[in-house]
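Alright, structures below, take your time with them.
Both complexes below contain chain A, partnered by chain B and then by chain C.
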Partner chain A sequence: MNDFGLFLNGINPVLFIVVPLGFAFGIPLLGMISKKIVKWVPVFVYSFVLVGALSNIPDVLDKPIIIQIGGFVPPFGINLVAGPVGILFSALIAFAGLMVSIYAVVYIKEGPEVRYHILYLLLLTGAMGVVLTGDIFNLFVFFEILCISSYTLVGYFGNKSGIESAVKYLIQGAIGSSLLLIGIGLLYGLFGTLNMADLARQISSADPVTVFIPMALMITGLGVEAALFPLNAWLPDAHSSAPSSISAILSGIAIEVGLYAVIRILFTIFGISDFIMFFVFLGVLTLLIGEMCAFSQNNIKRMLAYSSIGQIGLMVFAFAIATSHAVAGGLFQMISHTLGKGLLFMAAGYMIIRSGSMKTASFEGMGKRMPLTCVAFTIGAFSIVGLPPFIGFPSKFLIIQSALAKGTVLFTILTGLVLMGTVIEGAYFFRIVQVIYFKKGNGDSERNEAPIAALIPMFLFTAVIIIIGIYPKFVLGILDSAASELLNQIDYIRSVLG
Partner chain B sequence: MRSIISIFLLVVIAWGMITVLQEIPFGSSETRVGQRYIDQGREETGAANIVTSVVLNYRGFDTLGEITVLFVAAIGLGAVLSTNRKKKKREIESASLVLYTGCRFLFPLILLFGAYIFIHGHLTPGGGFQGGAIVASAFVLVYLGCRGRRISETGSKAVESLGGLIFIGIGLAGLAVGGRYFLSNFLPKGELNTLFSAGVIPILYIAIGFKVGSELAGVIDHLIEDSE
Partner chain C sequence: MDIQGVIHFMQNYTYYIGAFGLIFIGLFIMLVKRNLIKVILGLSILETGVNLFLVSVGYISKGTAPIFSNASIEGKSMVDPVPQALVLTAIVIGVAVLALALSLAVRLYQHYGTLDLRQIREQRW
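== the complex of A and B ==
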């Protein structure tokens, strides 16, 4: 229990936060020596973090690793909780971060590049901190790092639409953060502690009406970042005007981390373990609205952004059912969405550059011009829709199965609605695939593939999508223990406070 | 109609917050966590200023996050402003002799005061953030009074980076060499209430002071550049 150091059995999870942070601080110095090294820093850092996260998996399946910062016993100091959930998310963040940073090596070649790479590292550090911390105020601090760096990255190109959507995002995000902070403040006032396990222990014996208000404030505040309906007006603009590499991270990581914070607060702190009708409906509503808006778009990036809203709705639906199967399905859906949507945005990024427009109509004949990128795009689309043998199939299947297992008429109807959302999703993705392959382009049809640095991450994403799609057992083990960590509040409290 | 809904919503939120605020025992120190900081903060951290012991020791990880938030904001501002920066030189009307001399006279004194605040952060009220803000205010004065003088961008960036790296480095030293925990206070705590006490706390505060000072000065520099 006591031999903490740089290495436990795996690499100490505190380094997943501190090492990227240290490099982010150091990049300005490195940039003075050579600008060329800077863009390789995120690649190097996230290779390390990915190895670190994977090295911890065997340990956390056994029991969660509690890391005290500064050596103070919780609740007196801050502690990190690297349980199955934390490690699952850190591995996901590190993998997506690594892939997108390889993509960005050639994709980002104009604008203040050094600052881009600093902000990119900080964005992912914020996300990593949120998923690993065991302290509610610490969560807020890392959440702010995540949000502020994404506001600025949305406006990275400095054009009118970028700045406009960044400001929109900034205003809504800032209101959300304030609500979250007020909620945390009220909780601290009521219970005099910020440690999540300690809060959870005290809340179970508190007056439910008093506790409800901070909970509502916190969930509303986080809901802005998690893109819950109706707090997601910023998302389509922000995700479509950001650079494509950042869109991939915002869609694949940022909103999911927001949703993680929502479920962590609901399940672990407030101990809500029964299914929550409100969130079930909210999820289905978010899903249907997102998919229907996506259907009516002819701008590819806005379409993908709305599709992210739909996917978030599906995850909320899964988490709100709150059986261990459904929660595992929700987490699985998060993985498959990160991979699928990341792949789609990366492929779309170069398709937009080659065709010179975000209009879907301009992709006619793309299948001949950039065959590999288009195959990657198609696989991403099929996976998001949920076709076998891609990762989207087992994750959606798990959710549908656990919803039907509830056995009530209401849930059967809701499942029908969810499936209808999937049909809409299929309709607009197939429409694009059809444009890419079966329409003749009237422009030049010369072969002009994306550069190799973009093809490598796309290929690796595709490989993971297919491998997990065929052998979902690879991840089901950690998903099951992650689901039981989320649902089992008492074990969480015991593992932190002893 | 819209304003009626907004007012209604605000009333609901206000009512909710009032109900909760009534439950909060203000002014009493009944909480276990707070009481422990008051009772044992001095012995455990060696800092005479309990606020500092909480900010840099018990919750030092939050402070690392806070300086990162400021760093993000400064870098982000630079990124957004640099995209459409005009390379035009500013028209400078020089200040009067009295103002010019006054600013030059005050500048080192303000720097000294700022440094005093962050070096004594573990003993007296104040600390790295406050001291850093004072240091940055000295640069504002120079920008106002001795127009045409600029801070060196490379220098401020280097100081900013080094400040952050020292914080991280001390944290890692605590993990690797000292006490097995990230950010543990592994240096000797010294005698309470003397300048050389509280282990790593003064070093951290000096690093924060330099970082915050150069960051805020850099922010001012960016904003002045683009205010035309």
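== the complex of A and C ==
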């Protein structure tokens, strides 16, 4: 096998990390030539990455692509593992990144624009690195790239609330990263390796009590970024004070990458294949608390942020059931949340600009003023709630079905609680939709649509939401092989170490 | 464990005690202090503790640098270089986080005129 053939079978996944990173540091130079070029750089970079990720799908369904950086054989060198999970996430990151960068071309008008685009590329590079890497310390480094650029972008406008949220986010995130690093150090001290596959092989024969402390430290550390229940106090502030384009990425990509790292560590490294009751309860608790807090908000971006907490809870619930159906459902829910919440934040961004306020009451009569944006918002809301024919329906259906397939009374009760969370979710989203369409605004009722460059990504998100909602079979193939990659530890070890 | 055992443990694993001591001191400061600058100092101490812990994972008592400059040095008496490479990376990341935290503290002071975290509560649940 030729590891260095770039175009042998699809584009080499190393380029998904290298090209954005290179352009991120090239942007200041381009910015000297013209500020107009700079805002198109992320669009260009992520169209390339999206094509690259899609071109790899046929190959990874066959067998995962293992790339040895610098030609060092694992477990000695750093390697990238582009299996079905890695490629699924990189395609998702590239698609959301591309759409949000088109939106940002018109949305980001004030502030240090050049630096915005540098940090935006770095944020997505970090996310891409986390999902592709096969080395645990490398995961930490990419995770820090993701975190540091998101702390900065939360405070992008430099206003009171933005800086305050960035400080809160930074302090909590820094404690989380330190805990993760202590966990990695303990694992290295115990097993003398940093390669995920090699760690997995050695941990499977180690004493479970010994590896419990590093596991707990790592899960707690990553749980801060993944917004698991007691660790998510930063999220509503950070997601609501960031620029709307960044809220879309933070909600759609950043917390899900954190959750990906949690499940990769639990399933692949520590080999927990049976379901874990602790995480089942944690998921349901996160879901209910997120939805109930969202219900009581009258600030639209805080409401969407709390709704993200609820959705993360649903994903944790799905992954903790740990049957192949449930894990596929959890991954499907991640896709549907990225699309739905990205669309909601993008539409809400321009609704806030036009109404001049984040209060939900100020959106009265918006349906007449910005009809296309409001349709996009409504479709996003219906998809998050889980109405057919949108993508949220098959993903939620898969999770509920696999929870009920467990067959015990406990799981039936928990499923009932999850459905109750969905009802609360429906209540507050329908309330917003009602305000938008059925209340007469008393301000100006002139038609004032979002600019066309913002409508294009919203339209494409809507199209994907409806297409996958009607034909979920498009993604079910890769979801099933991704679920089996996560649950089948032995195959992962064998594919990396040979 | 008898006294001898404790002394033996102390002699051989002093650096672990030091490292975790720093980690807990840092965490304590971050959780208890209300002044943002002190919280950032706590973060710095926490990071130092973590770095010290990583180095001590690869340390061998009276070990030498892992360079084959002298043929008489055996591989067994060399310290593990991997944790040192990790610490270099972790230090760089830590510096970035600290610099960002301090610059955010400057901006926060410009907005609120105070660094007391109890008085900074624009955002509520």
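Note that in this section the second predicted complex is superposed on the first by the 496 of 498 C-alpha atoms of A that agree within 3 Å, B and C clash if a C-alpha of one lies under 4 Å from a C-alpha of the other, contacts with A are read in each partner's own complex, and residues count from 1 in each chain.
The rule we apply is simple: a contact is a pair of C-beta atoms (placed from the backbone, for glycine too) under 8 Å apart; a residue touches a chain by one contact, two chains touch by 3 or more.
As the structure is a computational prediction, the values presented were derived from the model and not from experiment.
Student: Could you tell me if A:142 is touching chain B, chain C, both of them or neither one (first, second, both, neither)?
Tutor: first
Student: Going by the contact rule set out at the top, does A:116 touch chain B (first), chain C (second), both, or neither?
Tutor: The first partner, chain B, only.
Student: Mind working out whether A:182 is in touch with chain B, chain C, both or neither, as first, second, both or neither?
Tutor: Once the two structures are laid over each other on A, A:182 reaches both partners.
Student: Considering only the touch criterion stated at the top, classify A:164 as touching first (chain B), second (chain C), both, or neither.
Tutor: second
Student: Kindly classify A:155 by the partners it touches after superposition: chain B alone (first), chain C alone (second), both, or neither?
Tutor: In the superposed model, A:155 contacts both chain B and chain C.
Student: Going by the touch definition up top, name the partner, chain B or chain C, that contacts more of chain A.
Tutor: Answer, by number of touched residues of chain A: B.
Student: Output check: A:236 vs chain B and chain C. Expected answer is one of first, second, both, neither. What do you get?
Tutor: second
Student: Using the touch definition from the top, say if A:216 reaches chain B (first), chain C (second), both or neither.
Tutor: In the superposition, A:216 contacts chain B only.
Student: Considering only touches as defined above, state whether A:366 meets chain B (first), chain C (second), both or neither.
Tutor: neither
Student: In the superposed arrangement, what residues of chain A touch both chain B and chain C?
Tutor: 137, 141, 144, 148, 151-152, 155, 158, 163, 166, 182, 189, 192, 194
Student: Please name which positions on chain B make contact with chain A in the complex.
Tutor: Going through chain B, the ones touching chain A are 13, 16-17, 19-21, 23-24, 26, 30-34, 36-37, 44, 57-62, 64-66, 68-69, 71-73, 75-80, 82-84, 154, 157-158, 160-162, 164-165, 168-169, 171-172, 174-176, 179-185.
Student: Which stretch or stretches of chain C touch chain A in the complex?
Tutor: 23, 27, 30, 36, 39, 43, 46-47, 50, 53-54, 57, 80, 82-83, 86, 89-90, 93, 96-97, 100-101, 104-105, 107-108, 111-112, 120, 122-123, 125
Student: Would you tell me which residues of chain A are touching chain B in their complex?
Tutor: For this pair, the touching residues of chain A are 2-6, 12, 14, 18, 21-22, 24-29, 32, 67-72, 75-78, 111-112, 115-116, 118-119, 122, 125, 129, 137-138, 141-142, 144-145, 148-149, 151-152, 155-158, 163, 166, 182, 186, 189-194, 198, 207, 209-210, 213-214, 216-217.
Student: Using the touch definition from the top, list the residues of chain A that touch chain C in their complex.
Tutor: 137, 141, 144, 148, 151-152, 155, 158-161, 163-168, 170-171, 174-175, 177-178, 181-182, 184-185, 188-189, 192, 194, 236-237, 240-241, 293
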